[in-house]
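The structure under discussion is supplied below as structure tokens; questions concerning it will follow.
Chain lettering (A, B, C and D) follows the sequence in which the chains are written, and residue indices restart at 1 in each chain.
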Amino acid sequence: MSEVKGVAQKGRFKLFLERRKPIIEDWKHTFYLWKSTTLAMVGTVIIFVFFGIAIFAPLLTSYDPIAQDLDNRLLPPSSQHLFGTDQYGRDVFSRVIYGSRVELWIIFIVSIISVGIGTLVGIIAGYFGGAVDEVLMRITDMFLAFPRLVLAMAFTASLGPNLTNTIIAISFVDWTVYARLARAEAIKVKSQPYIEAIRGLGAKNTRIMAFHVLPMSISPVIVQLTLRMGTIILTAAGLGFLGLGAQPPIPEWGAIVSDGRSYLVQQWWITTFPGLAIAIVVLGFNLLGDGIRDILDPRLRR
Amino acid sequence: MKLGTYIVKRLFLMIIVMFGVATIVFFITHVIPADPVGAILGGNAPIELVDQMRHQLGLDKSIPLQFINYMEGIVHGDFGVSLKTNRSVLKDIIDFFPATIELAIVSMIFATIVGVVLGILSAVYRNKVIDHFSRVFSILGVSMPVFWLGLLLLLLFYYRLGWLPGGGRNSLFIFPPHITGLVLLDSVIAGDWTSFWDGLRHIILPAFVLGYASAASIARIMRASMLDVLRQDFIRTAKSKGLSKRVVIYRHAVKNALIPVVTIIGLSFGSLLSGAVLTETIFSWPGLGRYIVNALLVLDYPAVTGGTLFIAFIYSLANLIVDISYAVLDPRMRV
Amino acid sequence: MRGNLLDITKLKVVFYTYRGVIKALNGVELWMNRGERLGIVGETGCGKSVTALSIMGLVEQPGEIVEGKIAFEDKILTSMNGDALNKIRGNDLAMIFQEPVAALNPVMRIGFQIAESISRNKKKNEIKQVYPEVRRMLELVGLDWKRTIDLYPHELSGGMAQRAMIAMALSSKPKLLIADEPTSALDVTIQAQILELLDELVKKFGNAVILITHDMGVAAEFCDKIAVMYAGNMVEYANTTDIFENPIHPYTRGLLRAVPKIGRTDELESIPGVVPDLVDPPPGCRFHPRCKYAMDACKEKFPSLLEVGPEHYVACHLYLKEEMKNAN
Amino acid sequence: MQTEVTTQYLIHVKHLKKYFPTKRGLFSSAKYVKAVDDVSFDIPKNSTFGVVGESGSGKTTLGRTILRLIEPTSGTIRYIETDINSLNSKELRIFRRKMQIVSQDPYNSLHPRKLVKNIIGEGLKIHFQLSSEEIYEKVKDILEQVGLREEHMFRYPHEFSGGQRQRIAVARALVLKPEFLVLDEPTSALDVSVQAVILKMLKDLKRDFSLTYLFITHDLAVIDYMADYVTVMYLGQIMEFGTKDDIFLAPAHPYTFLLLNSIPNPDPRIKKKKVIPMGEIPSPIDPPTGCRFHTRCPYARDICSNVEPEMKEVHKGHFVKCHFPLG
């Protein structure tokens, strides 16, 4: 009895796969495009390594990134201390490794907040148009009238420089990008015949926005997000470098670079390695973002 | 005529936006901080001193009243007195601003020329050596943290090689003529070539560091835009007329390809001003960026307010100019 | 040479895409005489435009002419380099396109663009010297030069822009004018005006014309001869009246039966199946999967071009066989 | 016993206007594109009502306004007894089931990221409480009706040819069992051999589902093949209305006559001397005074440029808006 059922199940599964073949093909095709875009692959590898380092940080180093060891100040790179030690005798390698957790956390929260707010504002503005659009876009313009870092700086300084406020400040500055993008997309999508067709079927505005406009508008937002993840790190590090971001002894990469500034000439390693870490990770995100954009490009796809 | 209307309309919009900008700055400097005076004076300051300071900053009034005073001040160009320098903030800005604008302009020129040229070459010689070089140049440019690049170049060219000066706008015993406040321009006007040469040596590193990211993004957009234009129908028409490749590219393609790039140049100006904050800090460049950072670090609110507002104003002005040149470049925009 | 102006033999063009190699032209044969009007008809993707671009030497990456020869008078276009081709393009050869507004440079004034096709690679101030000629051309195509010479393309309607394109193309007195769907983007009344204008000017200048169109009506009215293309091959070539009254190739017949016509009382007939994917085209005659007369031979070999009547050529095994029968 | 046959009407359109505001300058007052300018007609049940016109004639706007996909500026649209204009948004959504649209561009009218199954099933989900099995069955049935197969349900639009996509669009409309279908240039993006199949299919479906069509096109030959009644539009107004034979055999408006004359005839034996309308279509922002066609009309007289002609009946059921009708 159960055997028969098992066979039936299997048949059903096969049928399931059979019917979804085009979807699977589609994914395969995406995978193929991704594989053939070398730079995107390099980017992906960098980002995976970055994630891996952040997750497995404690396994990668035996030094505490915060504990001071004044006996071992300013040691050059060696097998003991791969990236040397800083003015408090802290292992720079360990600080860079743990720093990845800080950066990842910043990226993660900033992305959620800014993409969330930005997409919502953008899609509402674009879909409804008219006065709603006018008001929302003028507000966006006001935020865009500031050079980003300057606005973020003023924010963190005002809220009090620490990690949480850095995140709030960057999100506060960053959402405008997605708002503009999502709006432009929503306007484009809204006027497409297929949206009209859905409206003609009798669908509600909320349904159209959530199930049809949003999914179509989101892919450029995702590409932009990937490209901007690099910028998020750069902004966070910039704030950290100026002393307006994460505060010591948190091992934020920008702050570490700043720590090493006074020792630049003799103890180059303190600044060089965390800076290099920033550059590599940002590069990874940029390569990945470029790759995703190419892959999603309909000209390539069709 | 139509262009005139367009400019008037954009100016009008800019005024609205500036009002919003001022509101945001007010919010940041007057509403968010729970206890600015406490932050400035520390927790143990005597109560009279705290009160005196609250009064001096106008914090003893209600928020709406503060807002009205604040807006009145802005309209009259009065940002108050800096707590740190004890001078009028506006005077400070006028002193510090030329250094920033000089740095920004030089970087912008560098970034535009390098970006546009690389972008065109990259698109025309697609997948050739120059294209690969330009793409690597671009991707590195947008990935490298400005402050880190600055420090490394300083280490190399100043400390190790000694080819270029380490910071500031002039050497110790060189006194450039003061006309507009822009060292290079003033030296040229006064014909003081020693001072010009000195100023140039000082500005090379900071301008390169500041302009690199912009050059990179301009090159990227220019390349993409060129490739896009070269695919258009009218390029095919130009070729079918028997025009040579050079004429097709430089007369027909480049001007069209520049149109979207103009926007990027405008946006770059914003990231340039952002970057200036970091670059000025690294190269001890006596500009507005460094002024704001120092003010922020000691919570000198009048200075922060004035500096931030001023930067936002300059940025908006730059964007206005970009939008107008956009309309001049693209006849389709003038409808 | 089969025609004293143009002779295309075995032209093969491919496009390299990520999906694979698109075999756009599969050995096209085509020829024409001086002063003739040749219509190339066929549906989307049959290779009409690629043929035109090949003649103009405008097939570019990712496309490539892999085989065949294009002879234009005594010159072999396919073996010429860029500079030599540039001398012929815009001089003996000119082309107008489907989307006239998009085919004009959006940031240049109309007058300048026409002047440029007269004086070409000269400097800007030298180009301005040919403006009297530009004015004459604008008048000739029915535009008021005072009003149009300084306009930008977006300020023109489609019909006006196409007139400007015609002025531009004819200003160099080309021996051959290629018009690629010149009226498809226009309204019928404007189409009629443009076709009349072309007719008049071509009569006046004596240019040969290749008119590419998907509209059988347009071809019938304008052309002396018609070449029918399908999936990268020329399948039938004859005088216009012969094509319409005595179509031989099954595809030509199917096409004519599918065209709605005013006053037509019979049902429309359609050709079953779809146009093949040119990345993986069917072997032999590319039409065989849709042809109700398909035989084994059709699946193996592409039929060679056969003269079935005076100046009536067809590429079809059906007639090859009959020819053989007759010979026996 | 023979009862008198009276024509039953499905749609009544009265004095319908749709003006679109154009972008306004800072100091200039608002201008309007008069896309549809005072149009009235009734569509008989189970007929194919053809609307023909060149670009800028307002034919597409008309189709959308009747379905209230665009809000009309003024005028009434009745569906039998229901005044479509006075429905609130919820009522309208429910009512939409009865009237559907198939639009011109088969490449953009289907959501590119959705499977065919979901594209067609969407309307069912909105209007009916059905299990996924029921939806599956209904979608399968309708696909077969338009000549596609069950296996096509699990594909994306981009895997189909233009003709097949148009079938999907028709299926999406028909799955809701509507009575009225607006067909907006359904074949103008297709090749002729494909067009023939789609037109035939539409004819068959009309019979099988007893539908009423509003068929919009710029192609007179297509309208001749499809329509029972023909409306000729020019610059937002109806120039002439009548049965197919009225329009094609005895056109009364100069515009109709010239339009018919402009069509290239796929028959090389007929080399007629053509009369072509002069000039270009004026802007619908500032339509000409008097008769809108007078600027291009070879028969225009003084009165035409000043006085707007009334719609008059030249013979039963054949209306023309011209001071000097032909024939």
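We take it that contacts are C-beta pairs under 8 Å (C-beta built on N, C-alpha and C of every residue); 3 or more make two chains touch, one makes a residue touch a chain.
Since we're looking at a predicted model, the values are computed, not measured.
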| item | value |
| --- | --- |
| Intersection of the contact lists for chain A and chain C | B, D |
| Centre-most chain, if every chain is reduced to its averaged C-alpha atoms | A |
| Of A-B and A-D, whichever chain pair has more C-beta contact pairs | A-B |
| Chain whose mean Cα position lies farthest from chain D | B |
| Chain B and chain D, separation of their C-alpha mean positions in angstrom | 55 |
| Geometric centre distance via CA averages, chain B-chain A, whole Å | 25 |
| Rounded Å distance between chain A and chain D, as computed from the means of their C-alpha atoms | 48 |
| Between chain B and chain C, centroid-to-centroid distance (C-alpha), Å | 53 |
| Per-residue overlap in chain B, given as positions that touch at least 2 other chains | none |
| Touching two or more other chains - residues of chain A | none |
| Residues on chain A engaged by chain B in the complex (per definition of touch) | 138-139, 141-143, 145-151, 153-155, 157-160, 230, 234, 237-238, 241-244, 254, 257-258, 261, 264-265, 268, 271-272, 275-276, 278-280, 282-283, 286-287, 290 |
| Residue ranges of chain C in contact with chain D within the complex | 43-44, 157, 159-160, 187-193, 195-196, 214-222, 240-241, 244-245, 254-264, 267-271, 274-275 |
| Contact set on chain D toward chain A in their complex | 64, 67, 69, 92-97, 100-101, 103-105, 108-113, 115, 122-123, 126-127, 151, 153-156, 158-159, 169, 172-173, 176 |
| Interfacial residue positions of chain B with respect to chain C in the complex | 232-234, 236-245, 247, 252, 255-256, 259, 329-332, 335 |
| Chain D - residues contacting chain C, complex | 54-55, 161, 163, 191-197, 199-200, 218-222, 224-225, 248, 258-269, 271, 274, 276-277, 280-281, 296 |
